[in-house]
Each structure stands twice: as structure tokens, then as C-alpha cells.
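I've put the structures underneath this note.
In the two complexes that follow, subunit A is the common piece, with subunit B as its partner first and subunit C second.
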Partner chain A sequence: MLLRLVWATLSRHRSRTLLAILGVAVSAAMLLDMVMLSSGMRVSFRDLFVATGFQIRIAPKGTLPFDTDATIPDAAAVVARLRAMDGIAVVSPVLGGQLHVERDGRSVSSTALGVDPAVQGDYELEEGREPRAPNEIVGNEDFLTAVGARVGDTLSGAAGFDPQLRAVSGQRLLTVVGRGRFLYLASGQRAVALPIATLQAMRGAAANDRVSLMMLRTAPSANVDSLLTRIEAAVPTVTAISIETAMRQVDERLSYFRQLAFILGAVSLAVGFLLVTTLVTVSVNERLGEIIVMRAIGVARGRIVQQIVLEGIVIMVVGALAGLGLGLVTARYLNSILASFPGLPAAIDFFLFQPRDAWMALGLLTVAGILAGIYPSWRGASLPIAVTLREEAIG
Partner chain B sequence: MSDILLSTQDVERSYHMGGELVHAVRGVSLDVARGDYAAIVGPSGCGKSTLLNLIGGIDRPDAGSVTIDGERIDRMADRDATRFRLLHIGFVFQRFYLMPALTALENVELPMAEAKVPSAERQRRARDLLAYVGLAGRRDHRPSQLSGGEQQRVAIARALANEPRILLADEPTGELDAKTGREMIDLLAQVNRDGTTILVVTHDEHLALAARRVVHMRDGVIVDDRRQDAT
Partner chain C sequence: MGLMLVAALLLQAIDTTPPARPPRTVAIDERLATDAKVRVGDRIVLAPTPGGPGDTVVVAALIQRRADPSEVARAEYRVRMHLDELQRLTGYGDRVDRFAVATPSPSATDSAIRTINTAAFGFRAYRSHDIAVETSRTFLVVSRFHRAIGVITIVASAIFLLCIMLLKVDERRRDVAALRLMGISASSIVKSVMVESAVVAVIGSAVGVAIGGLSSRLINWHYRGVYRTPLSFALITPSIVTLAVSLSLVLGLVAGFLAAQRLVRQPPLELLTGRRA
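Our next item is the complex of A and B:
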């Protein structure tokens, strides 16, 4: 009977109920997007770190990977020392640099990563094979398009280029043997990967036996925290960073996004709450006579509160479910716009849908629906029966 | 000696209206026997509706007592008084006050649902009650689809839903035309003949004449109390 009464009351003013549901849907969509935004990038970053199976990154002392141009000296010895340590299964060195390719009289510059192709974790091959010989490279789609090359073509590339003198240094003939998707690079960023020794040689003395970063895969039984301490003790010129440490850095850098998401999410929730409170209050005021008569004929105050609160919840939940769909559509659209956000890997999703987010948005809105109904319903059900009946009769 | 169902002793009730203190009921003592049909009449503002509200437990006296079937309703906590009204008192109002979103049948079911009568049982009883008040064919209609007289019949069926000890009616013919009002008077008389104690408050002399006892009030006190039959 309670549900019947709720349904009958809501369907009595169909247009008003529908408009309220639409309002809540918009508010719910915004809330869902903000919940997705607040956790999506974090989860996305973690997925990215975890995806290639490297649990530890080694960067020059006091820096973060690729945060500066600093490099780790004596790289071969460091790699050998790390490989000899208990608990480390794989060491993958990476050297960052540039590759300049002449095309139609102009220089096309790309990010170049010197890697050990056998253990690299920077890209996934989409076509062709890994660069096995010193003069072989893998490029991404943006690079191949910019230089007009395909897998199998040979290019003349240089590690250095002086635009004023139009002079190149470290020039070599390089054969494209594969096309890959680079995991940590921004959308539209041109990139190539080549054997680390080749890039070190092309860059000359400045990069001799140096690397920008080492990625370590640990043994299954290894204790990562203790490894970090041991690595920094064994190699004083480096900082060892676990995924947890990296995530703390990510959290720090994304705190603005999270604050923005929190504020906008709270505003959305408040708008939904006020919308439903207003609707329920108007509805209660219109029905004072009915409510008081229900009290008079013996319907308990709690039952009336239950009924009115349930009306608020129904509006909130139906609106939230509609908002869920709307939120996913808008998140997808916003994600496509933000995919080219400067300085962030293209693989990062700003709005990553997780069922937990939907449940959280739904839960918050349900709580808001309950709170929205409590005050007006309690107020309506607590009015003095005789006085209200008298006033209703006069009115 | 009569079996007293309802008894008020020295009941007083004042309230503020428009900044003035109104002494609506001043020391009213009234006994109503089980199975009786009493009408309280008097000019507007004489305190008859206030007295009915006090008897029905929807208002509390400033002084005095209200006892129904041995239970002091004026002393009950709100929750207990609500439950008592649900199970033992039937209300009929001048403006019917049906739930507009519910059908006639659902309106009659409402007090039974609150009293936790099983669904099948309450539907059967609601159908029987609607047939009793002559609305068997209108049970799926909403109040807006019913005439005033039909709505008041539904309200009477709703009031009888939990088989109350007493039916309290405040100007039940006040919003009805003369013909429909007479039908309502006949229906209330029938309800009383079938065993329900009735107390009505009315301006309608035809309704008052149909009662077995007429109580006259003026300025918050009973000024006359006489029986119209030989019971």
C-alpha cells in the first residue's frame, strides 16, 4: 500500500515529477563524472605503471623519471650491479633523446628512446618486429606519418640538430622495422625506439654509458620496500621509486583535479538535494489536508514520513539511473577532448568508469534523497491535527 | 443502567485565534452509551467541532478527561492515541478528505493496511464496505471521478474499515445538496442500526432529527441534552 501510495502521488503530477527526475539526472551525470574524474586518472596511472610489470623505476638522484635531462652515469656497471642483486629479475635501461629526420627540406623531430629491445616496457608492437640490429628503429604512427615512412623504409636520422646552422650530429641511416604504440607518451607525440647503445653512440660523449631511467621487474617473492633501500645503498647516485611512491607523486600532482572534482561533485549533489527538497516541500504543502487526515484516521507519523521520504528517494534513484547513462556519454565526450592534454600519457583516461563510482554516485544521491524528504515530511506529519484541520477547512 | 462507551468529564479547551484566546469548550461532561446515535448541534463557534476533536483524540483538553470504552485517550502518548484512533474510532469529515491518488477501494483499504490486515482480507472487506454504502460499481474510480455524495460514502466506508467502536462525523452533510444529504442521513442511520455508535456534529436539522439524542451547545457549554426516541 505504501509503494502504491508513493507511485500514485508521483504520477498525479506527471510533468512536475518528470522535470524533477530530469533535473536530478543532470545533477547525477555531473556527480558521476566528477567521481570518475577524482579517481579515474589515479586508477589509469596505476594501470599504466602496473601494465608492463615493472615494479621499480630508478632515476638520477633526487629526480623523477624523465622529469629532468639528468642521467645516471656508469650505466653498464649499475645495470650489472642491479642484475646481481637478490630479488631483481629484470633490468630495463632507457635513455631519452631526440631523433631528427630530414624530410622535404625540413627537420622532423621526435622523441627517441634508447632501450634494450629484449626487456623493454615502453611500447607495444603493432606491426613488424623489435629492433635487433644497431641501425633498426620502431616508430609510432605519428612519427611514420610525419616522415612519410613505412615499415621496411630506411631513413637518415640524427641525434642532434642545430636549427640556426642547420647542422646535424650523430647522423645514421636507420631502418624502420616496426610500428609501435608508446605507452607513456602524450597524444600526437612523435616517438621512436632504438637499441640503447645506438642512441648513446649517436648522442656522443654526453650520453656515453649513461641512461635516463632503469625499470626493474622484481622477483615474485621480493619485498619491494626493502629492495628500494638496498638499491639506494648500493648505488648512491640513484633514487629508487616504487609504484606506491610514484602514485604518491601522481596524487600530489593531481590534487587540483581531485579538488575540482570534489567541489563540482559537491555542488551537483547540493543542486540535486535542493531540487528534491523543494519538490517534496511543495508537494507536502499541497497535501497538508491529506496528510493531516491520514494522521487523524490513525496512520502513524513514521509511516507518513516513510511515504514522503520514499517519494524523494524514487525521484533521486530514477534520476540517478538516467544520469548514469548521461554521465557516461558526457564522460566519453570529455575524455576525447582531454586526451590531448599536454604532458600526460595518451593512455591516461581522465574519466575512467568503474562500477564502484556508479554505486558511490547512486549511494550519495539516495542519501541525499532521504535527507531531502526527512525535513518536509517530518514537518508535515508533526503539524497539530486539530488546528491544521481547522485551517484547512477555513482555507 | 446504560453501557457507557464514551465519557467526557469537565473537559476544557482554549486556543488562540487571531491574537485572542478563545475558550472553545468550558467544562463539558457528556456520556454516550454504546450503540447510541447522538448529534451535537449549535451555532458556529460554539465549540462542538472542538469537542469532537477532543473526543477523537486529535486534540488534547486543557483540563478534564476523555474516556472511550474505559481508556483515557486524553492521557495517551501520541503514538498510542494514533493507534487507538486507527483501531477504535472512525472519522468522517465535512470535506471527505479522500486520498485523490487512490481509487475508492484503495481509500477504504488504507486504514486496514495501516492496521496490517492481510491484503486479501482487506480487499474483501473494502469491497464489502463499498457494497454496503452502495458503491459496488465505483470501487475503481478515483475521488475526482465521484460525486460529492459518493465521496462521502467512500469516506464512511473508510471510517468503518477497522470496525470502530464509535464513528465521529463532523458536518458530514455540510458539502452536500439536500437530496444527497438525505441519502447520507439514511446511510448513517443504517450504520447505527447495524451496531455502530455514532456521534455527529452538525448544523443540519434533518441530520440532527435522525439522531436518537440531540445535545445543544452554546458558548462552549452544553445547554440542552434530550433524547428523541424511547431507548
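Our next item is the complex of A and C:
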């Protein structure tokens, strides 16, 4: 009965109700996007960090991984010391650099990662195999396309370029043995991975026994926090970073987006609330005579309140459900814009859909719908029967 | 390179400055001065590696950070030192990463770039503007994102405005019916509703501009504090105000027109009684 009355009221002014639902749908879409934005980045970064099972990153003292050109000296000794420590299962050293490949008279530059192929966690193989010999490399699709090479081809690559002499340094013949997807690199960034000793030798004295980063996989029973302290005490030239520390850094650097998400989400909710409040208030004002007749024939005040509040909730919920689809479409579009953020790993999604987000948006809108109906329902239910009856129904 | 030095700005580093030589001077940025509690006149040791040998220098000045978008999210420190001191300390030799060249006019810039790129062996010259564009890519992406959010907001506003106008016009069905019965033409009623909606839109956008102005001050104050930069994060320019007000006016007029059209299409008696004939 109650729902039938609500339906009758809302369908009396169809265009008005449809517009209100559309307005709520746009607000709901924006709200869902902002809820997705506020949590998506965090989840996405965390997934990326834990994807390969390395819980600790070791960077040169005072830096973040690959944030600067700084490197860790005496790498072999540090790796040996770390491997001997309790609680550390795997140590994966990484050296960053450049690879210049001459192809058809032009030079193609690419990011080069020197890794230990047996324990690397920087890429996933899509084709071919891991490098076994010193002159073997794995390239990503962008690199292979840029140099026009395929798995099995041999390329002439160099680790340096002297602009004054216009001559390459650290030149080697390298065989492509695999194609991989590099997890931490930006979309469109060309990349290759090769044995770390090869890249160290190609880079010359500057990279001799040096690494840019070490990734550690801990033993299942290890306490990560105590390991961080022990590592920094044992190797004073490094900073040990756990996933939690890295997440805090991510939070700090991308706090702008979280705050933007909060502000825009709040504005969307406020707009939806105002729209429904206005609509329901006007609707109640138009039906004062009708409401007062219901009161006069004995309909309880609570019943009137329920009906009016339900009107707000119906508009909000129907609008929110329509907004869910719209929100997913706009989130995909907005994500494609932010995906071109310079230097951001291609695997990162700013807008990551999780059912929890949809429920949260729906819950917030339902609460807003209830609140939107409170004032008009109070107004409708608290009218003096005799006076209003004479003014509205008779006069 | 600067960051490597700063990362190694540890007081326990071993001083390798020959004792006879007076310490050189450096300038450090305010962020570093605050975090490391260093003041002008203090002596610090700069070393290329953490805990490694370094030189004692005197902090001669504090420098304010530039409003550079490329640096905004990077929590790094800056030290400015004499070129020869940095070259010696890092073993860089007689090398530099880049030269900055000042030219008297834009045409001289073009000609200098051409000359350097064709004549100087092993160098590549870039226009400062081009470098600025490249380093501002982060903000270009953010700007595109904001524009997309702006479009969604405009759509929501348009629907909101149309809804409000429909409600306002619906509220005055009887007044409109009476006016029509008195002989006022449908076009006059449409015009009056459009004027009313235009006034609502202009007043609304004026309030919006005021809120926007206040918000932009708040945003700049907040994010300048968070990122410790003099950069302006929100900027309200006359062109933005003009665009916002014009857009709002157009939306208001369209919403008013649509709402009024709906009303004048109905016969006056039907409007008056609320029943279809």
C-alpha cells in the first residue's frame, strides 16, 4: 500500500521524477568514481608490491627505489651478508641503466635492468625463456617493436653514449631470448633485462660491484619490522623499505587524489541530497491538501512520514543504481587519462572497482535519501489539521 | 647528483678538506634547513656517499624553492654549491650536465639554438619553454583529469538547473494560467521565465565564483603547506570566471526555455484546474 502510494506520487510528475533520478544518477556516478579513486590507488599499489612476493626493498641510504641515480656499493658483499641473515629467503639485486641499440642507422634507447634471472621479480615472461648466458636479454613489446626485433634475434647494444665523442661505450652483441611484461615500468616505456654482471661490465667503473636496488623475500615466520632494523644496522649504506613504508610514501605523494576524491565525493553527495530534498519538499507543498485529508481520515502521522521519506529513498536508490553503470563508464575514461601520468607503472589503476565501493556509494546515497525526506516529512506530518484542511482542501 | 650529496649529508662523515683551506660556502633550500635544523652560518659536511669522506662547508644562504610543477611531489632536498667544489667532491672532472644560455630576444634564441645544434659538436640545445612543457607533463595530465571532472559537473549542474526550473514553473501553474486567460501571450510568458532563470543562473554563478575564490585560497594554502612549494594549485582567472558565468547563463536560459515551453503548451484552463480537458 505504502509503495503504491509512493509510486502514484512519483509517477504523477513523470518528467520531474525522471530528471531527479537522472540528476541523482550523475551524482551517484561521481560519488562511486570518487570512492573508487580514494581506495583504488592504494589497493593497486599494494597489489603491485606484493605481486612477486618480495616484502622488503633495499635502496641506497636516504632514497627510494630508483628515485635517484644513487647506487649501493660493494653489492656482492652486501648480498652475501643479507643472504646469511635469519628470516631472509631470497635476495634479488637489480641495477638500473640504459641500453642503446643501433638499428637501421638510428639509435633506440631503452631502460635496462640488470637482474639475477633465477630470482628476479621485475618482469613476467610472456614468450621465450629467462637469460642464461651473459649476452642474453629479455625485452618488452615496446622495445622489440622499436628496434624491429623478435625473440632469437641478435642486436648490438651499448650501455653508454658519449655526446662529446658521439661514440658508444660498453658495446656488446646481445641475443633476445624472451619477451616480458615489466611490472614496475610506465606504459610505453621500452625496457630490457639482462644478467646483472653483464650490465655492470657494460657500464664500466661507475657500476662496478654496484646495484640500484635489492628486493628481499622473507621467510614465512620472519618479522618484517625487526628485519628492517637488523638490515640497516648490518649495512649502514642502505635504507630498508617494507611494503608498509612504501605504501606510506605512496599515500604521501598521491594524497592530492585522495583529498580530491573526498571533496568531490562530498560535493556529489550534497548535490544529490539537495536535489532530492528540493523535489520532495516541492512535492509535499503541492500535496498539502491531500496529506491533510489523509490525516483527517485517521492516517497516522508516522505513516505520512514513512511515505514521504520513502519517496526520497526511491529516487535516491533508483538514481544510484542507474549511476552505478554510468560511474563504471566514467571511471574507465578518467582512468585512461590518469594512466598517462609520467613515470607511473602501467599496472596501476587509479579507479579500481571493488564491490565494497559500490555498496558504500549505495549506502551513502540511501542515508542521504532518508535525510532528504526528513524535513518535508516533518513539515507534512506536523501541519495543523483543521486550519490546513480549510486552506488547502476547502478554501 | 644533488640528491646523492644531500642523501649523504651526515654529520658523522669524515672531513677530507685540507686543513689549510678555508671552508667553501653553500646555499641550501628552506625545506632541508627546517628538516635538518640547519641555520645560516652552520658548518656541515657534504659527502658523495653516506658516511663516506666529505668536505666541511659553511651554509651561507637559504634558498626558496621555485614554483616548479615537476618537483612538487618529490620530497627531495636541494644544495647549491660552487661548480668546481661539486666536480671535485664527486670526481666528475671538468664536466657539466648542462649550460643555461641567456639571449637578448626570442629571435636570438632561435638563432642560438640553430647555431649550437648545427655547429657545436656533441651538444643539443633546447628552448626553456620546451623543457618546461616536458617537465610539466604531470600537471598536464592532472589538468586533463580536472577538465573531465568539470564536464561531468556541468552535466550534473545542467540537470539540477533544469529540475529546479521545472519545479519553479510547475509551482506557478495557476499564475501562468491566469496570465494566459488575461491575454498575455505564450511568448511573453516564455521570455519572463527565461529572464527569471537567467537571473537565477547569474546569481548562482556569482555565489559560485565567490565560493570558488575562497576555495582556491584554501586549496593553495593547504597544498603549499603539504608540498612546501610556492606553486599555485588553484588559479581563478578572468577567462575562467567568464567561461563559468557564460556557461551557467546558457544552461539557465536553455533550462528556462524548456520548462516554460512545457507549461505554455498546456491549455490555460487545464493549468488552472490541474485536470486534462
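Side notes on the structure shown:
Here is the rule we go by: the second predicted complex is superposed on the first by the 389 of 395 C-alpha atoms of A that agree within 3 Å, B and C clash if a C-alpha of one lies under 4 Å from a C-alpha of the other, contacts with A are read in each partner's own complex, and residues count from 1 in each chain.
Keep in mind that, in the parts below, contacts are C-beta pairs under 8 Å (C-beta built on N, C-alpha and C of every residue); 3 or more make two chains touch, one makes a residue touch a chain.
Fair warning: this is a prediction, and the values are worked out from it, not measured in the lab.
Touch criterion not met for A:152: it reaches neither subunit B nor subunit C.
Of the two partner chains placed around the shared chain by superposition, neither subunit B nor subunit C is touched by A:355. Residue contacts after overlaying the shared chain place A:275 against subunit C, while subunit B stays out of touching range.
In the superposition on chain A, A:220 makes contact with neither subunit B nor subunit C. In the superposed model, A:105 lies in contact with neither subunit B nor subunit C.
Comparing the two interfaces of subunit A, the one with subunit B and the one with subunit C have no residue in common.
Within the complex, the subunit B residues that touch subunit A are 15, 49-50, 53, 56, 58-59, 78-79, 82-87, 89-91, 93-95, 97, 99-102, 106, 109-111, 113-115, 158-159, 162. Here subunit C touches subunit A in the complex through residues 1, 3-4, 6-8, 49-51, 73-76, 121-124, 137-138, 141, 144-145, 148-149, 152-153, 155-156, 159-160, 162-164, 166-167, 170-171, 223, 226, 262, going by the rule given at the top.
On the side of subunit A, the complex with subunit C involves touching residues 13, 15-16, 19-20, 22-23, 26-27, 29-30, 60-63, 67-70, 73, 162-166, 236-237, 252-256, 264, 268, 271, 274-275, 278-279, 282, 285-286, 330, 333-334, 337-338, 340-342. Of all residues in subunit A, those touching subunit B in their complex are 1-2, 4-5, 8-9, 11-12, 289-290, 293-301, 303, 384-387, 389-390, 392-393.
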